[in-house]
Amino acid sequence: MRLNDATRRYFEDPPCVGELAGPGVCRGAAGSREAGTWVQFDLRLVPGSTDRIECARFLAYGCPHTIAAAAWVAQQAPGRLLRQGFPEDVHRLRERFEAPIEKLGRLLTVEDAWLAAAAAVPA
Amino acid sequence: MRLNDATRRYFEDPPCVGELAGPGVCRGAAGSREAGTWVQFDLRLVPGSTDRIECARFLAYGCPHTIAAAAWVAQQAPGRLLRQGFPEDVHRLRERFEAPIEKLGRLLTVEDAWLAAAAAVPA
Amino acid sequence: MSAAAGDARPAYLDNAATTAVDPRVVRRMAECLTAEGDFGNPASAGHVFGERAAQLVEAARRQVADAAGARAADVVFTSGATEADNLAIFGVAELRREEGRHLVTVRTEHKAVLDPCRALERRGWRVTYLVPDGDGILDPRRVAEALRPDTVLVSVMHVNNEIGTVQDVAGIARACALHGRAWLHVDAAQSVGKCGLSFERDGIHLMSLSAHKAHGPKGVGALILARARGVLVEPRELGGGQELGLRSGTLATHQIVGMGEACALATAEGAADTARIAGLAERLWRGLEALGGVWRNGDPARSVPHIVNLSFEGVEGESLLAAVRPHLAVSTGSACASAIGEPSYVLRALGRSERLAESSLRFSLGRFTTREEVERGIAVVSAAVIRLRRIAGTSGCAGACA
Amino acid sequence: MSAAAGDARPAYLDNAATTAVDPRVVRRMAECLTAEGDFGNPASAGHVFGERAAQLVEAARRQVADAAGARAADVVFTSGATEADNLAIFGVAELRREEGRHLVTVRTEHKAVLDPCRALERRGWRVTYLVPDGDGILDPRRVAEALRPDTVLVSVMHVNNEIGTVQDVAGIARACALHGRAWLHVDAAQSVGKCGLSFERDGIHLMSLSAHKAHGPKGVGALILARARGVLVEPRELGGGQELGLRSGTLATHQIVGMGEACALATAEGAADTARIAGLAERLWRGLEALGGVWRNGDPARSVPHIVNLSFEGVEGESLLAAVRPHLAVSTGSACASAIGEPSYVLRALGRSERLAESSLRFSLGRFTTREEVERGIAVVSAAVIRLRRIAGTSGCAGACA
């Protein structure tokens, strides 16, 4: 199990771990712990906006690549617009963390969790 | 190949090696070099006697036990009477030199050579 | 992770994978190598170099036999327990193939037993795979029930390499003796120095040993066969006729001398080592149990203390390993299994969920394990579990949410 | 015998049985044993102890491959050449059994080749045993003639362990390539450091090596298989899946590192060693030829100088050995054969009479053989032959009476 530098850094000391509460927070999750990968994102929107993200937090039960990817994605969130979608193409994300191809499904779970959070914005 | 002390002594420094010539010498041999064991005894009788051995010499092509046994037998010769036969029972001889049982045939060749020499005495 | 900062190498808690060779063993081995030493070929009967090497081999055979409670004449040296297991299973199967083609073994055996059994199945043999109880223990009655008139071999390991449980091989031997004509093979690769072996007294027919699990060198082992009780195998390595023709190949004097010395040290010091290791193992368990949501695999009352296998709730297995391994040498499955990378079939056989089996660590202790290494192990694993549970959002739920 | 008086140990001229390990090899081995060293299990992927051991194994694999003119990926480590020979012969036979059941080999092969062939014959295989000429050389055309459509393996040794003759394996490989689909296995146990090996260039399919004939440790060897050319074997040791599944069992790091280092030294110094040994061998031959009635076995122009095999007329074999061995470590047959105690089937196959075959000594020289040992050898053997011929009454008849 070889982890590249980015993966090791985001795995060992991930930014944005945790949950958010209060108004303007939307939450989404994907996967299940029983199946080995579960990711949750909490996104807080800039007060008054229905699109611009103020900050993000995540929780993840999964392999180092899952944790690193979720942390990195959460870190990119501030200032982005919800409608811009997932911060990085999943294949680019896989290259960034040099995840083996078998792990693509786990990175898709990260994307699904993000999309679920975005979809949770009150219309 | 373990040799006991007696075998090693009589093999490494055998007494009575050689041939005798002249009157009163009787010679006998048994076995063949091609078959792996050949022994020859020359017995010289005490002048005038037709029975008492003065001295003996041997030649032997064979394993260490064969050489040791032939040398020991030749060494016993002086003073013995021809009609006393072979100086030692072959089974006793085998025990003396701790020869493995497979080698009994070779010791019998030593005896055969002795008996041939004794038989060579002019009647 | 700070617990490990400044340390050149991780703490080594992987003695079930392999052990460091005892310096006293190394010294004996070194005497058999160079031109000044006893480097001869033990098969070179007739000159002192060979004779001296053969004497050393025979002395080592005695030491190995003593450690196993066996007769020296019954010890056949091999290249390790893998070869010994293969020789036992294929060798008995080939020898007794006209008497029957049924074997009995256990789901939690080492691959060196299971893979030969699978190969025999492909050639038409029938194999019954018994399942131990949730604590890893096999009731000898299960063996008795599985025996058939055509069963020629039962293969059961003594000390399990993943969870440390000790099977009742004496009871299983009695079951074999009472119900049929099957021989009992015991894989005792992990047993030397960890708990008593009594090949003769227990009525075992064949036993595999390995030196490198007990501070001897890798690449040497032995198969013990009760020749006086008529036990034999069909040889598999043919050639020079060494080891009574049962295992040809030049005898590696230094390796065999090393195994002998390791066995002698195990006989002399195994009990004291084990007592000390039991204290360390207890400390390790208490230290990690405090995390909550930690399960111990295998009944500790029926296990050697050298192996402590724990499942951690609320953390994913690969992340747990990735977090601890830079600071701590531990395993999930056996070293052999880790070359392949599949989840532990042993823990699965004991009824652990796939998830929990994956989130398990095998800590294994040896003669050279220090208290400091154990403390480091506790600190490293605690930090990793706490951090990963926080990331997973499972910190508060030990006991339920894994 | 006085030549040896005062010497603590006999002169060692039995390097074809086994060699002393080079101190540089011992040093490398010692680094892989204790807790301070690289003692990890190469299969323990994921922690530095295992990773470091695996790196050492891969570096050694390179060294072995370089010495054999092969690709590193084609090297499978074994417990010696006996196991490699068995794996090659049984492993190819099992793998290709549906393609044909005929093998070709030579009467002068090592028992580690001949005995597996015999075992296959008992299972219904056909084996053609070729006979080399009186100098020990096998004409590749004889191989070509022996090939049949159902021949799946040809096994021919490179350097003969009793007489030192070197077979034209490149020519034999060409014969195999031209006439059929048989793979060529070469037993090169005696070749490392003695003469060049070029596995790839010569188009060999499988090759057995042993470390201990070339100043490496006993108990480690290799089978090289041309995997890129589709060559495989059915594995015989099953379990952990090491060596690509072709040979399971914990890799013995120190043994493999030792073999690697021995191969690297052979690559670097083999030519110089051989040149020096050629001088010693020439001196030995000249010194003993002077006795008269001494025959050299094998064509020296087509042999390595490391092995000088001489037949002595007019002396019985067992007595010759008994006379020289207290002062000189030499062999009659191979070390393996001497464990059994039969006359040399190799010399018999070359047409020597049984008597003369028995009265033969194999002198084998190595890196550590000194001029003084060679002089001692000449003195001891000369004294013994002269004395025994005197006792046998054959002193005057050198050349005719044996």
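For reference, chains read A, B, C and D in written order, and residue numbers begin at 1 within each chain.
In the analysis below, a residue touches a chain if its C-beta (ideal position, glycine included) is under 8 Å from a C-beta of that chain, and two chains touch if they have at least 3 such contacts.
The shown structure was predicted, so the numbers you read here are calculated from the model rather than taken from an experiment.
Participant: Keeping to the contact definition above, tell me which chains border both chain A and chain D.
Facilitator: C
Participant: Any idea how many Å lie between the Cα centroids of chain A and chain B?
Facilitator: Chain A and chain B have C-alpha centres separated by 102 Å.
Participant: So the centre of each chain is just the mean of its C-alpha atoms; given that, what is the distance between chain C and chain D in Å?
Facilitator: One centre to the other, that is 34 Å.
Participant: Report the inter-chain centroid distance for chain B and chain C in whole angstrom, where each centroid is the mean of the CA atoms.
Facilitator: Averaging C-alpha atoms per chain gives centres 63 Å apart.
Participant: Find the geometric centre of each of chain A and chain C from their Cα atoms only, then give the gap between the two centres in Å, rounded to an integer.
Facilitator: Here the centre of chain C sits 43 Å away from the centre of chain A.
Participant: Of all residues in chain B, which are in touch with two or more distinct other chains?
Facilitator: Chain B, residues with two or more chain partners: 1.
Participant: Got the chain C residues that touch at least 2 other chains?
Facilitator: Touching at least two other chains: 45-46, 321, 325.
Participant: Which label fits the chain touch graph of this model best, line, ring, star, complete or other?
Facilitator: Shape of the chain contacts: a line, open at both ends.
Participant: Which chains are in touch, pair by pair?
Facilitator: After working through each pair, the chains in contact turn out to be A-C, B-D, C-D.
Participant: So in the complex, which bits of chain C are touching chain D?
Facilitator: Spelled out, the residues of chain C in touch with chain D are 9-10, 12, 14, 17-23, 26, 29-30, 33-35, 37, 39-41, 43-50, 78-80, 82-83, 85-86, 110-113, 115-116, 118-119, 210, 212, 217-220, 236-242, 248-255, 321, 325, 328-331, 334-341, 368.
Participant: In the complex, go through chain A and note every residue touching chain C.
Facilitator: Contact set of chain A toward chain C: 1, 3, 11-12, 14, 17, 19, 33-34, 36-38, 40, 59-64, 66-67.
Participant: Going by the contact rule set out above, which residues of chain D touch chain B in the complex?
Facilitator: Going through chain D, the ones touching chain B are 1, 314-316, 318-319, 321-323, 325, 355, 358, 390-394, 401-402.
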